[in-house]
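Shared chain: subunit A. Partners: subunit B in the first complex, subunit C in the second.
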Partner chain A sequence: MARIIIVDDDVEFAEDLSKSLQQAGYDVEVKNRIEGLIEDIVLNRPDLLILDVMFPDNPVAGFDVARAVRLKEEIKSIPIILLTAVNQEHSMDFSARDIDPEWLPVQDLEEKPVAKAKLLKKISKLLQPTVKK
Partner chain B sequence: MLNGIEKRLFIAATSQNDGKTTCTLGVLDAYRNLSKSVGFIKPVGQRYVLIDGQTIDEDTVLVQQVCDLRCPLKDMSPVAIERNFTRQFLDDPAGVTPRLRHSIEASFAIAAQNNDLVVIEGTGHAGVGSVFDLNNARVAQMLKAKVVIVTLGGIGRPVDEIALNQTLFEKENVEVIGVIANKIQPEKLEQTREYLTKAFARRGLKLLGAIPYSPKLTWPTVDQVAKAIHATVLNGRQCLSNKVADIVVGAMTAHNAIKFIKNQALLIVPGDRDDVVLAAAITDLLRKDIQLSGIVLTGGMQLAAQTRELIMRTHIPVLVVDMPTYEATSLLHDITVKICETDEEKIQLATSLVRQYVELDLLWTLLS
Partner chain C sequence: MAIITLGKLLDRVEAFEGRLAIFFADVRDQSKDNGVRLLTYYLARHRRHQQQAFDDFDKQAINLVRRVKVRNDVPFTPEVEAPLLQAQPGTVSGKALLEAAVAYNAYLGRYYDNILKFPLNQDATFLILSLIRIEEHDTLMLKKMIAMHYF
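Coming up: the complex of A and B.
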């Protein structure tokens, strides 16, 4: 069973998404804080990360986490999906077009709210080459 | 005190934005601090907000916020001139005028109740309201008030304008007891005071105050800027109360922009000038003596994603508009800044200016 970590300070949203992914057959863990996250990821080695962007003390924390993951040898290949409301709150127009191996090293960027079927399809596609369900 | 015994001060002006509200706030606050009980009414309002379904004049909301008066808001703002009001009046003058008069008189009775002083704030110059038979002079006469006229600094023009306004009040048998000259260039304060005293004395008027120009009262907040140019806020919502002391148009190289950016400046720059925006943000972050008020991105253009990310790490308010830089700059040049109820710094400044520069003891005596 593929393991996914959801990182989002919106507890309700994260729990709701977690239930949906569990129903789809994934092993899901939810983290609501950034502190100690990289150590957790190293320890737990999830197959995929779903990351929020904005956190209370850092409006672009998701970008920072993605970069930090890519710098750690043992976890740098974990696929990451950014799932964010940054564009609604800041009109910043971030999109999948901005993905860049150096600057924004993630596999996908989706805006909240996302259709569950669409997200599940993306997750499945990202996990396909390495994980057999 | 009972109605009819309280002092009644009508604060008029020679034109809009001369400083009526500044003087009203200052006078109310000063006498309140001298243990006088004060009331307020703005009989006719033109700029209003909706509160609990009622149209309330903006200045009334401000006065109530500052002075916390014991009077229903609607009685401090009985008549709001809404859209189409003038046409409605002209269609039925005989019906509308008595209704307005009754409304003002009934509200005044409530606003005046148990007070030593009622300040009545006018609207625009003495003649405003003539189109519906209730100009400032007529209202002052109706409420048996004495008048102080606020005018702008200078020597020739204020005297000319006061003469015109005084004539209208005199025509209604209303006594003008004095003048407050506002927004006088600080370096000319003493000279202006001396000559205005002489000039008004020739017209039987006392110069009750000469208030120096205080630029801080005219500084808009970034929030007011955003509303004036219908901007979208990209960043820094928590800092929209930043004051704008200066406007810098970023039509230069990045290193030259650094030369022009001053403390509390608002940078207006086309949205594709990441270089200038980054130079401004760095200046804000690294120079302790400079805090940028905000940035306006024009032309409906968006910064590069990398620049947007860096901007999000700052508290700098960033606004975006579709209009070109010239149009945004022109609009902001002409912006009229009214003191709003959330702006404590300006309220403090306005009240302290009146306390310091208006002869409140003499005014109190003249109101007897």
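Coming up: the complex of A and C.
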């Protein structure tokens, strides 16, 4: 069973998404804080990360975490989906077109709210080559 | 009169964009202001504007457009007219970054306008007009951020 970590300070949103992913057969852990997250990821080695971008006091926490993951040898190949409302807050038009190795080293970027069916399809595709459900 | 290819004129912009991206990465890594750091993620995308303009062209067309000859050299001195790189990465404010980015876009617009003063073929003209439109759109976004006092 593939393991997914959802990192989002919106507790209700994260729990709701967690339930949907569990119903789809995934083993899901929810984190609501960024502090100690990299150590946690190293320890738990999830198969996929779903990251919010904006956290209290740091509107780029998700971007920072994505870059930190890619710099850490043991976890650098974990696929990451950014799930964010940053464009609603700041009108910056961030999208999957902005993905690049230096600034946004993730596999996908989706705006909240995202249709669960669409997200499940993307997760399934990202997990396909390495982990079978 | 020094004839120059359009490719060379565009490469100058590309090279400067590379330096800007390094500067924005320094701000991202050194600033203690997370709002400013968010802004660098937006501003760093500027380096892809040329690629964006080339999206409407296939590989062969890009090669042909790059080889188009421009009758005179067009000076490109963004550091003089839009001195973004002189700011201190660790302490530069969001407002200063935004205003410098608007000034740089305006400078780029003038640079592209100066290229258009020379006779170009249809594809080359289309490309330069696309670049002007991209910079204008970006300027609107930046001005909106200034007006909203995001940073």
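Methods note: the second predicted complex is superposed on the first by the 133 of 133 C-alpha atoms of A that agree within 3 Å, B and C clash if a C-alpha of one lies under 4 Å from a C-alpha of the other, contacts with A are read in each partner's own complex, and residues count from 1 in each chain.
Here is the rule we use: a residue touches a chain if its C-beta (ideal position, glycine included) is under 8 Å from a C-beta of that chain, and two chains touch if they have at least 3 such contacts.
Here the structure is a predicted model, which is why all the values come from computation and not from measurement.
> Looking at the overlay on subunit A, is there a clash between subunit B and subunit C, or do the two fit?
Clash.
> For A:57, is the partner it touches subunit B (first), subunit C (second), both, or none of the two (neither)?
second
> Per the contact definition in the header, classify A:92: touching subunit B only (first), subunit C only (second), both, or neither.
both
> Contacts for A:104 in the overlay, against subunit B (first) and subunit C (second): which applies, first, second, both or neither?
Both: A:104 reaches subunit B and subunit C.
> For A:26, select first, second, both or neither according to whether it touches subunit B, subunit C, the two together, or no partner.
neither
> Can you tell me which of the listed subunit B stretches (97-105, 187-195 or 277-285) runs into subunit C once everything is aligned on A?
Among 97-105, 187-195 or 277-285, the clash with subunit C belongs to 277-285.
> For subunit A, what residues appear in both contact lists, the one with subunit B and the one with subunit C?
58-60, 63, 86, 90-94, 98, 103-104
> Which residues of subunit A touch subunit B once you look at their complex with the stated criterion?
Residues 58-60, 63, 86, 90-94, 98, 103-104 of subunit A touch subunit B in their complex.
> Report the residues of subunit C in contact with subunit A in the complex, numbered from low to high.
21, 25, 34-35, 37-38, 41-42, 44-45, 141, 144-145, 148, 150
> Could you please specify the touching residues of subunit B with respect to subunit A in the complex?
232-235, 302, 305-306, 308-309, 312-313, 320
> Could you list, by residue number, the parts of subunit A that touch subunit C in their complex?
Touch list, subunit A to subunit C: 57-60, 63, 86, 90-94, 98, 102-104.
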